[in-house]
Amino acid sequence: MKLLLDLLNIQSVSGGETPMNKFLINLILQRMPNWKVTPIMYSGEEFHDCILLKFGNPKTAVFAHIDTIGFMVRYDNQLITIGGPEVDDGIELVGQDSLGPISCNLKNIDGNLFHDFPRAIDRGTSLSFSQNIRIDDNFISAAYLDNRLGVYNALKICENLENGWVVFSTYEEHGGGSMPFLLKFIMENAPIRQALISDITWVTDGVTHGNGVAISIRDKFIPRRSFIDRVVELAQRSGVAFQLEVEDAGGSDGREIQFSPYAIDWCFIGAPEDNVHSPNEKVALYDLECMIDMYKYLMAHL
Amino acid sequence: MKLLLDLLNIQSVSGGETPMNKFLINLILQRMPNWKVTPIMYSGEEFHDCILLKFGNPKTAVFAHIDTIGFMVRYDNQLITIGGPEVDDGIELVGQDSLGPISCNLKNIDGNLFHDFPRAIDRGTSLSFSQNIRIDDNFISAAYLDNRLGVYNALKICENLENGWVVFSTYEEHGGGSMPFLLKFIMENAPIRQALISDITWVTDGVTHGNGVAISIRDKFIPRRSFIDRVVELAQRSGVAFQLEVEDAGGSDGREIQFSPYAIDWCFIGAPEDNVHSPNEKVALYDLECMIDMYKYLMAHL
Amino acid sequence: MKLLLDLLNIQSVSGGETPMNKFLINLILQRMPNWKVTPIMYSGEEFHDCILLKFGNPKTAVFAHIDTIGFMVRYDNQLITIGGPEVDDGIELVGQDSLGPISCNLKNIDGNLFHDFPRAIDRGTSLSFSQNIRIDDNFISAAYLDNRLGVYNALKICENLENGWVVFSTYEEHGGGSMPFLLKFIMENAPIRQALISDITWVTDGVTHGNGVAISIRDKFIPRRSFIDRVVELAQRSGVAFQLEVEDAGGSDGREIQFSPYAIDWCFIGAPEDNVHSPNEKVALYDLECMIDMYKYLMAHL
């Protein structure tokens, strides 16, 4: 759980993922020797702030995005959004510019957003939700469970993964843009036919807290049914609790797989959360456990 | 016409095109020996549910999408759309889930969609319009003329095609996603500079029943004018009746050619229909004839 | 300035860029011998109406789009838009169809657009704003400063460029489509890691006339922050006046770099204009000067 707390405390809004990139590279280098199989790590300027880990002979890739939603300072104390954050008046925001650390509140005046920091903030400065992590016996609440839990899950998979890609992507919350070059690299080095999206979804009338990880049959986009059927069949055999999701909105790194120039099947699998894209995202610990168990099973059996 | 009736009776909503894929592969294998040139057929898992036919030395490709619009079962008798179907209350829907065949009606309550099947239907089950084909001397009416007529046209082209690609694509009605890998395969195997989109368009104030196939100067997207000019010039020489279409909405597989990493010109050519995306799509038989004749001429002369 | 006037008088709405393509090829062939380094020029049918110039060993590419917004004739005197032009009633439009030159006015009746030309115009004919260039000591006003100034800037860069790509793209105003194949060609021939978008932006409450070229931290899309930081640091060293822009709308050829299958950093740099996408676009001559100076500095130092 120490790892998860660390992940939750690092800022990396879309476009500014360098701090998370550095943290993950350090962490991976430290942990790698204890993993069942030692992966090859690809990172550096030619991958922007993304990281790819290749274990053995991959058939499947797991993608977890390392960016978060947030805000950017425009002119005259105005804020504009990065991704689609909640914009309730009074939300606490933090950041850093050339003059030092920033802590302020979001002002929402008829849909126009401002900060109330007593001095001007440098144009283009990114702000994110002030972090406030709360854990009890059943739930974790914090900002940015989406997608720190997906990243955490990806790191847990690494522990005993024998064959597969584990990939940390960027920009997902703001339209994407790293998946195309990540997929090109994968397909030209150790190609795959199937991918799982390690990300967090929504509590709805059909997907609820405490009933297991959600396997998404569709969101705004529709993956190929024959693949979903195979995933669901394996999920049934796994003995791990899961819920089937059917939505007509929302997207993920799966979207960019769907529209890539490669015939790769994809499926979104993740724990559901409440209070989406707010400082109080809430996930049942049992669902997170199921997510990790399901990925370990599927990466071995798909 | 038997072939067209068969095509109209197969379900293959976007994401679930396997039944149409199987039907087409069987049909092509049976008919191929009677075609003027025997093509090479590419299909199988690495092409998902798509099929490519390479005749001779291709200069031009024809694309026909094999998927249709429809509905998917969400939770509690709710339905969500696949593509953009008509959603009139009372429309008959059919499908199949783990408990057997389904036949029910669409309920549209203030824009929220439900089915009235007496038992719960499996989450994620696809439903499509109940088929009802009506043919008289001048018109054909049915569900899914879009794009069964485009597929039918593509199969008719095969009969005496000497050089060219004939390609059956998937997912078109729901944002696409197969065109990028189809184009990559084509460009790496037998590259082309031009493409025709064999699909069905709309009756409007400028494009009417019985006046020939529509050649589209633009829809939401704008193909390169110099190519359109060349197509229209040939169309004039062909002696086949045609109408010029100019719209600012709608899209096709042409969109994904426009945004592909290849400099391929494209043009949408198809018969116009009334009652678009409803169970009662209606096309003039004369316009369908013109569509087939125009494609045969263009594939020989472009 | 003669060159700029010539550029402003050539019609090339999206999809119909052939006249500008021909003008530029002629001009480049004439001027090339006087440039510090003679580039390799790539053009012709396999590049549609685009042109690429490779100078020395490129590290950076400059992209300038050669298309403009405009209108297309539909049916019954109706007009539809190409890109997002101003649609004020009475605007003068010009064009050409099979019967000869056209000069007419835009009629905007409750948002529906028509022309008032006394005869029918061929379906699919493109119309553009009647050009009216006004220059005084401080400002230039005309139609299509966006993006004739960006093209002009690109041509000025060529004069003493030693290493880099200078690329003229098409379709930008209407969703794009040439950038993907241009990037593929560049990356397979003389790859780059960074790109500058030579285009025109908007006067806003944070970016004003006469205060230098705008360097955009973001528009609708968000380039990687670490690259922007490097550009801004160099801009500070250049001594050339500039303004930092932060917007949440608008796009450019940078969008297609963001979503390309290559890890290429990008930054939009351009003079701001008033009366965007109207016949009266207005730019401060000083800002244009700063734009040219900034590009020359950055192309040498990035």
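Going by the order they are written in, the chains are A, B and C; count residues from 1 in each one.
By our rule, a residue touches a chain if its C-beta (ideal position, glycine included) is under 8 Å from a C-beta of that chain, and two chains touch if they have at least 3 such contacts.
None of the values given here were measured: they were computed from a predicted structure.
Rotation angle for the C-alpha superposition of chain A on chain C: 120 degrees, rounded in steps of 5.
In the contact between chain B and chain C, the residue numbers used by both copies make up under half of all numbers at that interface. Taking each chain's centre as the mean of its C-alpha atoms, chain B lies 36 Å from chain C. Chain contacts: chain B has residues 260-261 touching two or more partner chains. Put simply, chain C touches chain A in their complex at residues 193, 204-206, 217-218, 221-226, 228, 244, 246-248, 258-263, 265. Residue ranges of chain B in contact with chain A, taken from their complex: 14-16, 18, 45-49, 72-76, 80-82, 123-124, 126, 171, 174-178, 180-181, 183-184, 260-261.
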